[in-house]
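Here subunit A shows up in two complexes: once beside subunit B, once beside subunit C.
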Partner chain A sequence: MIDLYLCHGNVYVWNASAACDLRERHRIVGTFVGALPRLPRQNVRLGRPLQLMPEETTLLLNKGIARLLDGNIPPKTGEDAAQAVTEHRQQSFREQAEICRNDRKRKLHEMASVIAKGRAAKRKKLAQKEKADDESSSSVSTSDVTSSTWDEHEEEEEPRLSVEEMKELEAKLEKTTGYNEQAFLVQIMTEQVSEETQETIPWNYPTTDTEALRCHVFQDLWEKGYFLTSGGKFGGDFLVYPGDPFRYHSFYIAVCRPRTENMEALDIVRLGRLGSNVKKTVLLCSESETGEINYTSLQWTGMN
Partner chain B sequence: MRIAVSQIRSGEFVVIVVTLQITQRGANAQELLAHRNLDRTVPPRGGTKDYAPDRSHEQEEKLQGMYSLYRRMLAEERVNKIGNLSKAIWLEDQGLAEVTVDKGKFWHHIGHTNKGKKYLYPEEAVFLMETNAIEVYWNKLPLAIQQAYAMMLGNRVSMEQYQVYAHLSRLGYILTRHQSREHFSWYERQIQLDEYIPLKQRIKEGSRAEVRDWFPSNQHDEQTTSTSGELDKTEEVHRDNPATREVKSASDSPVEHSTSNQTPRDSLPKDQTSRMKGRIEESVEDEQMEIECNRKDKIEKQEEKEVNSLVTLSYEYKWDFTNITIPNVGQDCDVSEIPIPSAELLPTGVQVNTVLKINTGAFSLNTKRGRKGKSNSEHLSKIVPNLRAEDDPRKVSRNWMEFKQMCGAKREMDMSDSPVAHLWQGEVTPLVRPSDATDMGAILSRLQVIQNISLEKECSSLPKPDRYLDIAYDVFLPDSHFKKSKPGRPNLRVCVQRFSEPAPDLALIVQLNQRSSPVPLLWAVVDNGDISFYSFTEADLPADYHM
Partner chain C sequence: MASSEQNETRAGDLTSLLEHPKYKEMLAYGFNNQEQVHVAMLVYLYLSEAKQWEELDVQPCPALQLVTLSGRPTQADDLQVLVPLGKQTELSPQRLRDFLTHVPLPQDELELEEPDLMTKRVTLAICDTDSTVTFYRIRDGFVPPDPPEIVAEKKAKKRQWKKRKGQRTQH
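Let's turn to the complex of A and B:
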């Protein structure tokens, strides 16, 4: 059961997997209105919460896919709640510290061979320097060179850190790893953590005839298998997509009109022009006397 | 905690994707640390879409790719080091968040101070939470974004207003709540007075010594009435202060004049003058204090100017304005009379016998540019009628028919020998006559059947708008030199509406544009999460044509 929250007149979905399920399984698209945590300062892709149209909410509640909860309930407060949060955080810090320490140890072991090579090279350089100081009086330099190369061949095998050296390095690591509380990671929760059961609240959406017509048209088109989003940008009530809006353009602009209302010719020309300019078909939707939805499409033809 | 590992083969590379499925209890340490190395790219908007679903495998793959990407992206949380997060406390009764720990650079353009404490408006606080910059506590509990939406928004800031605020702030604009008054006029800004007078001082001053409060109709009843004794006190203060020596010399004469001119004071309503004086004294005293404190020359000069103007008002007028009439040259009056002035005001030898009637309708300013000299003479002929008595149709004609004939006769006369005279024989006649072809302007003005009006001028004649709409925000372009103490004039103003609300009528548009001019006003219309911006500007059709 998907949880919808009514907050100051708008319906939001806060749970990430619920938002994805709504789209993937129930063909309800909605609009994301929050900042995306991965990249907050852009408007191309927004994140949670997902805001639903009132028609979408009505449909979900009617079909029993979701339930409506009160989004205005303040969190439970009190000393124990604050205490629980502090404890949870301290626990998290301890775990983070542990994981970081283990990470560093693991890295140390991975780099062991590199450290060993470096130490060996350093030792060799020191030895050579000492030799050069000792034999500075000797004029024969080539013998030195041959002797040094012969030394190299001897130590051809992989230099390794001895167990004592390893322990020494690990001890050093322990000393340098401090417990700086300012460096620990903390999360700003998006969704509210609530363990207790919540009561559903009533949904009073279609109050006027226009709203009821819109809901009915939305449900009818949804049942035919389309994806629907709000159509304000195109001057209509809904945009009707054959498939997910991620991958397809919309085919229709649905405009809801009561059956008894007279439409002016100017209205029809306006809608027809709009549709043809954006390469979409305008659907005039009205409810018949029997309660069915009738669709009329507008197509702009030239004069022949 | 569940970590799902999935493999995606793309070309040669096998990508192992770790999906974080953070449960409701919040992420644990492992997941928090995993947030350090997240992919920070978002799929771009745009690109080609398919036409229609055809159940093909490629389409299905692309769609599933999008779905899994979104699942990952949405599940990620806002994770930050404690050292980077600021802290604030939500004060519910005040509707503000008080900042206790301030890290990061947001204080440069967000927030305000009051009595030494730092505060954030609710929309600012929620925005900073969403951008992972601040933790807001309430009763010692850190709030989640869901709780912040419920508790902090909705009361003073509607959800739509917050959405517009967040949308523009994410793009980088600096938004402040709408300040309905510009405290410095354009002229003062030009002479850089705003650099010398701090905004706070101007706001404090402005509440007491405003020009419009000098007029009796705007007086409040609570103002203290003061007697003439107080005026003398301010004179004392004047003279004692060494810094105002220049002030004193300039204003000496009017001040002395006031003490001698006791009688004309009675001509104006007593309570009003005393009220006016009371207010002016307060501000005069203020000026004195400020002069003492500030030794800057420029401020002194400005204060001197103000004190001068205030002091001249505080003594009684030399003229009795109830007996002096000022002719009404407004647009509501067509003809006004200037009465004969009294003899003592005229220079010797000059006599005025008749009352002068002027056609004030002709005083309306001609805003069209490029009027040639000919039209000036047209104007003059309206003001100073020099028609001879026999030519004046009003005097000569005995009835309406004759009057019309006489008025139209002059124009009719030219038609008889013109080759296009036949056009005027039917019922429908052309608007333009050959005699009108003096210049393009004359022809175009004849053709202008529907008069263009400028909405700004005519806005008083429009009916009152049916509802009241607030301008929500002042928008400034992203600027590193932006100072909260002296923001200056905003680049844009925004007012917010829901899509379901009715569209604004002409009166509302004109009223809001006026309120916001010269700054352009944008209307942000929120349609269930989608924001569109509209603006209404006056378009000018060409009125004159220069060849």
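Let's turn to the complex of A and C:
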């Protein structure tokens, strides 16, 4: 069940997977109206919340796909709520500390060979320095022997840290890895931490005949398998797509009119002209006497 | 074009329109709709003289109490049915569907098969006060727009047609 939130007369979807679900499984597109946290200073790509048209909401509620909740309820405050947040944050810090420690350990093991090489090189240097000192003061023969065997030994195997050395380094790591709250990431909540059951609220759309006609047409077209979005940009009620709007241009501009409402022939010209300029067919939708939706396609012939 | 002398001839022209045989024929249908008959006459003249349609005829539609035209631009084209309307004519979605249901199909089309009334195509010929006519086609159901390839094809054809027409008038 997808949760929809009614907030100041608009219906929003906040959950990301719900928004994806709506589009992929239920062919409900909606419009993203929120700023993207990482790309705030533009409005080419917007993010959640997803705002739904009233017709989309009506359809989802009628089909039992979603439920409507009150989005106006402010988050809970008070001792319990503050406690829950603090606990949640402490838990997050503990987890982060653990991850940090394990990360450093892993790095240590990765660097083991490098450390070993470094230590071996250092020892070699020291040995050579001693050798030089010895040569300048004591007999040549003994130091020659010792230093030459030492050198041979080094070149034979690759330097590795012994188990004791490793343990020593790890112990040092434990000491130096502190619990620094300043360095941890803090999650900014977009939902309440504590689970709460919410009651659904009523949805009062459609109320007028015009609205009812729009809803009926929307549902009918949706049931036929089309994707529908708002048609305001093209002077109609809906835009009708044969597939996902991301991949297709719309084919039709749906214009809803009551069956017996008169318009001038000039209005037909207006609609037709609009449609032909944008390479779409205007679809005049009206409800028949028997309650089904009739569609009349309007196209410019270009005979002029 | 608007000198006082010409004004007199214009009045004369108007009278001659009313004396056009086709006009008289349409009046004879007995629909009490002189305005629509007048518009039908303008559309008839436009299509036959200006657009030079190969075939064009008038017929009554008693169910709608309207004069309709039928014809084809060239022999190769399909037969079309046109409903002439003044731009201020009031139309409702129901009225448009009535057009689709009741507009008479030309005789030869009827012979073909049992036509599903709602798959008819009707062309609305909407006429302005200065006698400009715009044509819009209505059909029942969903008529998807032409895919881009067809659009390009049609454009090319049109260009060719215009070229040929230009050559013809040069003779």
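What we mean here is this: the second predicted complex is superposed on the first by the 252 of 304 C-alpha atoms of A that agree within 3 Å, B and C clash if a C-alpha of one lies under 4 Å from a C-alpha of the other, contacts with A are read in each partner's own complex, and residues count from 1 in each chain.
By definition in this document, a contact is a pair of C-beta atoms (placed from the backbone, for glycine too) under 8 Å apart; a residue touches a chain by one contact, two chains touch by 3 or more.
The structure displayed is predicted, hence computed values, not measured ones.
Chemist: After the alignment on subunit A, I want to confirm one thing: do subunit B and subunit C clash, or do they fit together?
Modeler: fit
Chemist: More subunit A residues touched by subunit B or by subunit C?
Modeler: Partner touching more subunit A residues in the overlay: B.
Chemist: What is the contact status of A:Val269 with respect to subunit B (first) and subunit C (second): first, second, both, or neither?
Modeler: A:Val269: touches subunit C, not subunit B.
Chemist: Touch test for A:Pro74: subunit B only (first), subunit C only (second), both, or neither?
Modeler: Touch status of A:Pro74: first partner only.
Chemist: If you stack the two complexes on chain A, which partner ends up touching A:Ala35: first (subunit B), second (subunit C), both, or neither?
Modeler: Touch status of A:Ala35: first partner only.
Chemist: Between subunit B and subunit C, whom does A:Phe246 touch in the aligned arrangement: first, second, both, or neither?
Modeler: first
Chemist: In the overlay, answer first, second, both or neither for which of subunit B and subunit C A:Gly47 touches.
Modeler: A:Gly47: touches subunit B, not subunit C.
Chemist: Is A:Thr176 touching anything from subunit B or subunit C once the two structures are fitted on A? First, second, both or neither.
Modeler: After superposition on chain A, A:Thr176 lies in contact with neither partner.
Chemist: Of the partners subunit B and subunit C, which touch A:Asn294 in the superposed model: first, second, both, neither?
Modeler: second
Chemist: Rounded to a whole Å, what is the shortest Cα gap between subunit B and subunit C in the overlaid structures?
Modeler: 5
Chemist: Which residues of subunit A are in contact with subunit B in one complex and with subunit C in the other?
Modeler: Residues 242, 251, which sit in both footprints.
Chemist: Sort out for me which residues of subunit B touch subunit A in the complex.
Modeler: Residues of subunit B touching subunit A: 21, 24-30, 32-33, 35-36, 38-45, 49-53, 59, 62-63, 66-67, 70-71, 73-83, 85, 129-132, 135, 138-147, 149-151, 153-154, 158-159, 163, 166-167, 170-172, 499, 525, 527-530, 532.
Chemist: Can you list the subunit A residues touching subunit C in their complex?
Modeler: Those in contact with subunit C are residues 242, 251-252, 257-269, 272, 279-281, 283-284, 286, 294-304.
Chemist: For the complex, give me every residue of subunit A touching subunit B.
Modeler: Subunit A residues touching subunit B: 5, 7-10, 12, 14, 16-17, 19-20, 23-24, 30-45, 47-49, 51, 53, 71-75, 77-78, 81-82, 85, 88, 92, 95-96, 98-100, 181-194, 230, 232-233, 242-244, 246-249, 251.
Chemist: Could you list, by residue number, the parts of subunit C that touch subunit A in their complex?
Modeler: Interface residues on subunit C, with respect to subunit A: 51, 73, 85-97, 100, 123-124, 126, 133-146, 151, 158.
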